[in-house]
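Scroll down for the structure; my scribbles are underneath it.
Letters A, B, C and D name the chains as they come in the text, with residue numbers starting at 1 for each one.
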Amino acid sequence: MDVIESGIGELFQPPDPDGFREWVHTKKNTQMKDKVMAEHEAVSQFVQDGDYIGTELYGTVRAPMSLIREVVRQGKKHLRVAGQGIHEIDLLLAADLVDALDITYVAWEVYGISACPRRAVECGLVKTTDWSNGGITWRFKAAAMGVPFIPVRSMLGTDTLKYSAAKVVKDPFTDKPVCLIPALFMDVGLIHVHKADKCGNCRIEGISGFAHEMARASKKLIISTEEIVSTEEIRKYPEQTVIPYYLVDAVVKAKYGSHPGEMCYRYWRDGEHLQQFLKDSKDPAKTMTYLDKWVYGCKDHQQYINLVGMERLKKLESEIGGR
Amino acid sequence: MDVIESGIGELFQPPDPDGFREWVHTKKNTQMKDKVMAEHEAVSQFVQDGDYIGTELYGTVRAPMSLIREVVRQGKKHLRVAGQGIHEIDLLLAADLVDALDITYVAWEVYGISACPRRAVECGLVKTTDWSNGGITWRFKAAAMGVPFIPVRSMLGTDTLKYSAAKVVKDPFTDKPVCLIPALFMDVGLIHVHKADKCGNCRIEGISGFAHEMARASKKLIISTEEIVSTEEIRKYPEQTVIPYYLVDAVVKAKYGSHPGEMCYRYWRDGEHLQQFLKDSKDPAKTMTYLDKWVYGCKDHQQYINLVGMERLKKLESEIGGR
Amino acid sequence: MPDCNQTEFLICLASKLIEDRTTAFVGTGIPMLAAALAKRLHAPNLVSIFEFGGTGASLEKLPLGVGDSRTFHKAVAASGICDMMETAQRGFIEYGFLGGAQIDSYGNLNTTVIGQYWPPKVRLPGSGGANDVGSHCWKTIIIMRQHDTRRFVPKVDFITTPGYLTGPGAREKAGLPPNTGPYRVVTNLALMDFEPETRRMRLIATHPGVTKEQVIENTGFELPVADEVKTNPTPTDEELKILREKIDPERYYISK
Amino acid sequence: MPDCNQTEFLICLASKLIEDRTTAFVGTGIPMLAAALAKRLHAPNLVSIFEFGGTGASLEKLPLGVGDSRTFHKAVAASGICDMMETAQRGFIEYGFLGGAQIDSYGNLNTTVIGQYWPPKVRLPGSGGANDVGSHCWKTIIIMRQHDTRRFVPKVDFITTPGYLTGPGAREKAGLPPNTGPYRVVTNLALMDFEPETRRMRLIATHPGVTKEQVIENTGFELPVADEVKTNPTPTDEELKILREKIDPERYYISK
């Protein structure tokens, strides 16, 4: 099983299943206990300068926006970041908190392209390693499986592979080339869910994106949730638990925590807010004004919500599709 | 990435992701259409002599027993079989339909050990290749992922590996040995679920065992279901669909389809029936008497259910734990 | 040209490429509109698959992104990205839709950078799911809104997504699944396929009022021409009405 | 010996090895009873994990198998086998419970065949989840109901599940996760651990009325003896009452 090709991209977080196991064994608590805390406490306790962090799903859809705003507020520096990047990564980049990006897609879909990542990457301030969307998610999956890599049939033959840190080997069973994707064990995962109990057992409605994988790939895991439910309720439908408590370090209550993004079955995205930011992002000064108002200007998520206003939020609730 | 060790076990179904893809492309229909049919039709149309088949979960728990009885009734021969083996594999072995077993566990847990696999294997009638339970399930998972293998950290250093068809290689990322488990793409998968719509969108309550993986690893997939629900109901809670319709070839209505095994939240196992079979299994003649009565003697699942009797079934329903 | 803009023309043309009773891996933008239009017209049984987990949504309202709640509204399944990517990897998805900033004659696409890799002259969005779609779907349909020599280039700056790579057999040699690859290229000028022997892009139809020469002129590499070059059909009134009134009434896409 | 049978003694002893506030990978049989007993007495916060997906069940009723509905009754999660095996593989499970037909001095276990591999003299159940549990859990507790020289052998016919393989460092060399391996062996005669320098089984405590010599005599390999050999505690009346009345009232296991 010879290595045919090795991507030349930097591996910002090399796969280390044994290191992850050791961390779990010495630092992780498998006791079922109350982990509810304020976002300030969760972020200050579990995110450190230099950490490799990941966010799920992406900026306009069920993203842990209230947690990301808190990370920016606390000015956690020299972060290395993975994930689909839209509004959440823009905020980190605008606040100059990121050293390196494992990147797959940093645009705003229907709305266009944000200027934040372009500025950061084009002037060489932020290092990048590129992956396909499948590729980066399979990196989480490999970590979630507790193995150093998984084989996939993406990225082969392309510069996406060449500039990644994947490898191509000859499969010893079929003798055909396959791409090996290195596992991505993260220091911190941030995930926003519909329901969690106080111990961290979580439910997600609708698509689960890559929550299953990222939760399992994170040494430290902070959950924000629209709603806290009882453990009795969790125990009634155990098959609905996507993230079991033992993966979770902190549970933060954050109704409207995905705003300005959407939360399926709960509230629709705030298109006006998003498009305004996108416009502002073209101008570094206006980007800072946005941060001053919406992030630094709010002491916590509650103040942010007050600033958005209940009228707007009720409107967004009325705009989301039902079941 | 050198191969350090290769298991000497026979690979009864070598991994062939390209062959699977080609099969899907030319033989599988992605149209949403009515696939409800009688078990006789499903088995005669989709199971052939010599097929490699798999069953989920296992003999006493949410197993496709009505389908297995139909396979025995139709006398499908020279089967190669994977999966946890309890009552379902006993029936196939007792009827002398199996040439080869990818084996992980063939006992009856609390009840003891059935004589059927012992007889078949000890006299050399049935070839075996051993895997760990994780190992064989990861084979389904690799197939479900569409790749030729996945790396795991089980089986290393043991005879379980030596007599399997796994390989040990040096991981090119960490330089440590890992075990590569070859994908197991099956000809036929048989899965029993709680609810399905007529197109084959399936829901499972409680643990999902390895249904997700086996459904995706099967070229042909026959579903039996306790209940047929409307597609509207399926569309209301799309996150509950464990098996989407496009994987499914046939949907067979089979209330009490797991009998004598249990079906969580529906009916408890029929301990008396199971223990009687286990006793009978020690004696080849009595084993045949069992088959004559419970399999060959019933023209279909409905006759089997009539033979069991509603009184017994209602009692089993009353014995299962609620939510 | 009919009384519609180029985007509308593109969408209607792309929509017609989708056969009924199939699956399509649908990305942000024109693919969503094309799939929604096909579903309302000639392909009611089309199952659209979105990379973050939505399968078989009703598409009553136009999704604004590949993870939004409309991608699984009344869907038959809502799972996650790995499940969808692996569904494609196992060969279950017929059509994939792709776009790009640059394309070469083998259909290789660039959506990553203009210029060197890092730091780049222009940083583009990146692969997203494109590389996976282009690797695993049986037939990828490439949509390029601007057919010009800046975009149709002899060599893309970065191969984000594999077309036929360096020619016949190259995909298989690289380990990509056999018999996959670009199927059609739809642009604001014309429709192209890939010549089976050489795997090079070939002109097969032009839009009304567009000449072969115009297409060739706007292509930065040698573009073979099929023996018979057809004229692409103008969108019908019905198509335009549904597109404008039902699918994108807010004109997120079709006004561009 | 107290007024209880060997199985009951074993269960109570195994139960005491489980610390509170931990996770245990629970297999069919004695492990289920030991976990249920621990949960009702000294380890109310024990989270039991069953290989087919049950996590943190109430264990109000005794499961009859690792997939039955009691393994996830009022559980906090009910997923599938891959999730559970990978949870162990990632290092989240503290204790694993194993048994076997044969064991050697390094704690290697055989549950596959007696005699050659195929056709075997006696076909045993196979690995089931044992190999995975023994590979990934931090501490595996081995339960052997019959301590005799037929079962405690110099060389097992087949290494189904890894103990310390050939000695110190062998697990790591084979690629197994570091710092894992057999922790205790509980039998009908005694309690053994594994000597840290040699990784060989060592006698650390005998049951009441059992002598060191008896244990050594019934062990088919050289069995080192700890400096201080303790006497294992007799089950208390409370333990036996709970075991007989609450945990296994139908005597599926404890009558054996």
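We adopt the following convention: a residue touches a chain if its C-beta (ideal position, glycine included) is under 8 Å from a C-beta of that chain, and two chains touch if they have at least 3 such contacts.
Quantities reported herein were computed from a predicted structural model and do not represent experimental measurements.
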Item to check | Any chain in contact with chain C as well as chain D | outcome: A, B
Next on the checklist: Between A-D and B-D, which chain pair shares more contacting C-beta pairs?
Outcome noted: B-D
Item to check | Computed distance of Cα centres, chain C from chain B, in Å | outcome: 39
Item to check | Computed distance of Cα centres, chain C from chain A, in Å | outcome: 28
Checklist entry - Which residues belonging to chain D are in contact with no fewer than two other chains? => result 54, 72, 78-79, 82, 89, 136, 177
Checklist outcome for this item: Within chain B, the set of residues that touch 2 or more other chains is 17-18, 145-147, 152-153, 176, 178, 206-208, 236, 238-239
Next on the checklist: Going by the touch rule set out above, what shape does the chain contact graph take here: line, ring, star, complete or other?
Outcome noted: other
Item to check | Full enumeration of touching chain pairs | outcome: A-B, A-C, A-D, B-C, B-D
Next on the checklist: Could you list, by residue number, the parts of chain B that touch chain A in their complex?
Outcome noted: 1-3, 6, 14-18, 145-153, 167, 169, 171-174, 176, 178, 180, 182-183, 204-208, 236-239, 323
Item to check | Parts of chain C lying in touch with chain B, wherever the complex brings them together | outcome: 21-23, 45, 47, 54-56, 58, 72, 74-79, 82, 86-87, 89-92, 94, 136, 138, 177-179
Item to check | chain C to chain A touching residues, read off their complex | outcome: 28-29, 51-54, 61, 64-73, 78-82, 85, 89, 108, 112, 117-132, 135-136, 158-162, 165, 170-171, 173-177, 252-253
Checklist entry - What residues on chain A touch chain C, complex-wise? => result 57-58, 60-62, 84, 103-107, 109-111, 113, 117-118, 121-124, 127-128, 130-135, 137-138, 141, 152-160, 163, 168, 176-179, 206-213, 262, 264-265, 268-269, 320-321
Checklist entry - Which residues of chain A touch chain D in their complex? => result 17-18, 20-25, 28-32, 144-147, 199, 201, 216, 231, 234-236, 238-239, 241, 244-246
